[in-house]
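Following: one structure in structure tokens, then a few remarks.
Chains: A, B, C and D, in written order; residue numbering restarts at 1 for each.
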Amino acid sequence: MTSQAADGGSPQRLAFLGPEGTFTEAALRRLPGSADAVRLPFTSVDAALDAVRTGGVDAAVVPIENSVEGGVSATLDALAGGAPLVVVGEVLVPVAFVLAARPGAALGGVTRVGSHPHALAQCRGWLSAHLPAARTVPALSTAAAAQALTAGDAPYDAVLCAEVAARTWGLDVLAEDVADNATAVTRFVVVARPGLVPEPTGADKTTLAASLAQDRAGALLELLEQFAARGVNLTRIESRPVGTELGRYSFSIDCEGHLSDPRVGEALMGLRRVCASVRFLGSYPRADGAAPSSPPGTSDADFTAAREWLSRMRAGESE
Amino acid sequence: MTSQAADGGSPQRLAFLGPEGTFTEAALRRLPGSADAVRLPFTSVDAALDAVRTGGVDAAVVPIENSVEGGVSATLDALAGGAPLVVVGEVLVPVAFVLAARPGAALGGVTRVGSHPHALAQCRGWLSAHLPAARTVPALSTAAAAQALTAGDAPYDAVLCAEVAARTWGLDVLAEDVADNATAVTRFVVVARPGLVPEPTGADKTTLAASLAQDRAGALLELLEQFAARGVNLTRIESRPVGTELGRYSFSIDCEGHLSDPRVGEALMGLRRVCASVRFLGSYPRADGAAPSSPPGTSDADFTAAREWLSRMRAGESE
Amino acid sequence: MTSQAADGGSPQRLAFLGPEGTFTEAALRRLPGSADAVRLPFTSVDAALDAVRTGGVDAAVVPIENSVEGGVSATLDALAGGAPLVVVGEVLVPVAFVLAARPGAALGGVTRVGSHPHALAQCRGWLSAHLPAARTVPALSTAAAAQALTAGDAPYDAVLCAEVAARTWGLDVLAEDVADNATAVTRFVVVARPGLVPEPTGADKTTLAASLAQDRAGALLELLEQFAARGVNLTRIESRPVGTELGRYSFSIDCEGHLSDPRVGEALMGLRRVCASVRFLGSYPRADGAAPSSPPGTSDADFTAAREWLSRMRAGESE
Amino acid sequence: MTSQAADGGSPQRLAFLGPEGTFTEAALRRLPGSADAVRLPFTSVDAALDAVRTGGVDAAVVPIENSVEGGVSATLDALAGGAPLVVVGEVLVPVAFVLAARPGAALGGVTRVGSHPHALAQCRGWLSAHLPAARTVPALSTAAAAQALTAGDAPYDAVLCAEVAARTWGLDVLAEDVADNATAVTRFVVVARPGLVPEPTGADKTTLAASLAQDRAGALLELLEQFAARGVNLTRIESRPVGTELGRYSFSIDCEGHLSDPRVGEALMGLRRVCASVRFLGSYPRADGAAPSSPPGTSDADFTAAREWLSRMRAGESE
């Protein structure tokens, strides 16, 4: 992130999937240095990323995985197409919902609860237990539901949202920790224009998008074997439909390690050869700090030793 | 579908992701016999599928792939969890947007366009060319945008929606075929309670959800090899985060062929052995009628011949 | 072996790769019941196996792996072609050479040492240390060298052979344990006509010959994946040229487990489908008594559970 | 070969598996420049290769595949162990046997036929048809059989050998082309001390020996995937027992392509990382002149393009 920071006078400008009070804003606030940045909400992932592309902002924070806001596909597709962008960081945010209402409202009086459909689903158990008679009303996002409740034109009288959204829009919290699953997290990425790749930290991830040369199970196997042959572990793989045709896919992939690691570099070259297209989407420190697993024969030293041996053989030496 | 139909007096009851006028309703209308069915809109995929589970409806039509309404993840997760459901059919619907406004409005007067963010993205080129000054406003669905425009409380003066939505909500069509990509389709599935598996037609698909035994690239390779070893081709594979933990995935998979095919049956048994869990989610006729590719050695006859040979060997015969 | 034994009056007739005194005869003598059998030496593996085929003998003992007599290829090819035969047992014999000479000879007087070239190679270190000036003379087998020395027409004055050969041909042992590697063993197999497969003992091997459908590295990978997909471990794999053409191969394979094991049966059916040809060459108790490794998901119980689950799914049950 | 030639006065010295008249000598005579070389017969493959190691000869010609003389295992093992050697060329020799006897003998009078057991097996059909009453007698090599017949101390009155052997030892040819399979060939290799690797010709092979890190089917799969991931085709793979322990193997492998090819180099580095040991045994022109198959994405240009792309990505460029 620091490489993206404006040096000197003007503060860094950071886009996020808004409105204010979303989990995405909570993710942005966890970034080092974000307190001094100008934070700009955008109404869609596409809009936020386009602002990065055009230079309107320095970087954008968008959800990529398991989001309560449902932003995953939009993010994956926006990264895979258009002018190149790269991920330079990731943030994990615990998913913690509150039930919020206009000041003065009581839990007993809630008859309709609004929120993003994913949030409604994730709190279904709590709602059944505590508000068995309440109806649910879908909204565009958890924060938008809070905003509409404050504005007075919402078809519901309470919302499920992040605590920060309740605070932002001046709502009272009627109940905390209402998600059925107390340990869920959402993963956000920080996206910037291509430039210097962040230095390896020893606990990095690399993200890429690859589309298969052929519409076959075998092509996916071949792709995975390019990783397996170098001992590179995948942490996420997701298929995305390609363009206009059902049954053609590209794959959005996160793997352990950094672009500068020999094993990651060789695996990426292998993909580049066997796939119809490969887009490198960034190497960056893992939010969880976990070091990659390194099967026998795949350490940097192993790659270096193998390369030196090959050089000796090519020079006609005996061993 | 016919096996799900109520015989005798009462008509079949079919749920769909509403409101009226969505592409999902258009998909439902393409089903044989749907004209005589009671069609019931639901506000979320979860709600529609729960209605199937509880017996409130006979079946539900929901988007599963490349949807303009963004329903994919919700559908995949709802099928993978909860009480068992099965896919009994699929429908492909061309994605065709119109720009619609209240009666009497003119194209030149449009300043704000509302729709689902995916629809706005898919028509971005047309909007830039024909309404370069208009702002876009995200809505919960294309049909909900149309409904709100009619109701009079929408923060926009035109919408991108299906033609049926414009008709349903009494809007005028200002422009047709405004999607940038004229050939896009969305895939919908018909979901019912488990029961008799539809008979094989020779051009079938099988859907399943499998979660890996271990959090490793190797486990996905192992899963794919269970298909490859029997020559079963995949037409879709998508990872879904498992429960509370990032980095653990289940896979939503469509493969060619029918549960009753020997090669599909043996592949599924293989998955059942090597995966942490496998859920069979239905075998059904392909909407495109394409027959499966069958690599050498994987036809029904090949499996039968191999089984007979094994029996002879076990009986101590010589060949 | 007992199933092959002649019941009633006539003793079992067992062929072996002769002449008397070979390591093969030593292997035969280790078989239970062999003391009462008629033991018939043959001058080649082919001849011994043909005697089994024609019914002249009940079974034959021939070397198959790491033999000092070099009989491996002959055995593999004879099993892979011609009328079907099956392996019904295996024997491991430690390779222990003695240096033998005519009665009265002294170590100091040895100037030329005869034996099979493999035996000469395996004792090279000892010869260099103790008979640095002696020349080596190749012979057809270790026992044939001993026989010729006794007969008086040999171009050498000492031989490397098994102790039993020295005894058989009336030679004096000048030195024992002269092999450089004291722990080497040779593997022999007992070959019979097809019939009842020996009952599984829980520690069995299965032997087969498979020729690839295509002349490609990919075809061998495909073959190996048929084993890997069922968790069946290989203990030996050896390529053998096919017929008239260099570059076409069949593979001689030993795997863990028994023909009656579900995982072995399914792997064999897979091979039968994807290979140009597969010949089952027997399931029999391992000489070392080692139980097979069974990766997770490949036990008999796992296969049974998977089959029952498939039956339930095909019957339309929910789980 | 030319790089091994002695320049200036002294002629090249070439070892071969003797005696004179073997198919190996026939192979040597097919080498360019061999007419001017000093040809030295050795009684075993080991002895011939040791002469190369010690510098006693410049190179040796030994059988490696499908030999009628049974020299394969000895060659593979001698190359895999001891001081390093490399293959610098290969020769294919059609297997053509004659039936030869002492001058004046007639076909009708032949009662016992001597030869190497492999030769006897390869002419079995002809012998049955033309000499149904004759017995077969095994000898150490086809040429040794001819030599012994001439010397007068052989227990047979005709031999199966190469025509050159009949000529060498002054025998009459009673019948030509007596092999049952008229198109069989034996493959021989020219072995030298390590030095400059022959330049790539566009139709080359590379030979190597690799021992697996673990005693598992999975380890062989892993080895093969190192080739498959770079699209390198194998033309031969053969397991060889390792040292003292049954069930541990090394693999003798020929693959298409040359050490200097990017795809071969990367595959070899992969083996070096994942195998317990790898020995490079030479890159040399193919005797059959066949160009390697090159799957999509594995040409030199593909590797170069992938490497350049990786460099651009590591430099932070956008595509």
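Note that contacts are C-beta pairs under 8 Å (C-beta built on N, C-alpha and C of every residue); 3 or more make two chains touch, one makes a residue touch a chain.
Note that the structure is a prediction, hence the values are computed from the model and not measured.
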Same or different residue numbers at the chain A/chain D copy interface, by half rule: same
Mean-CA-position distance for chain B and chain A (Å): 24
Averaged-CA centre spacing for the pair chain C and chain A, given as whole angstrom: 58
Chain A and chain D: spacing of chain centres that average the CA atoms, whole Å: 57
Per-residue multi-chain contacts in chain A, two or more chains: 225, 228
Interchain pairs in contact, sorted by label: A-B, A-D, B-C, C-D
Interfacial residue positions of chain C with respect to chain D in the complex: 43-46, 65-66, 70, 72-74, 92, 117-118, 120-121, 136-140, 153, 181, 183-185, 187, 216-218, 220-221, 224-225, 227-228, 232-239, 241, 243-247, 249, 255
Interfacial residue positions of chain A with respect to chain D in the complex: 83-84, 193-197, 213, 225-226, 228-230, 259-260, 265-266, 268-270, 272-274, 279-280, 296-298, 302-303, 305-307, 309-310, 313-314, 316-319
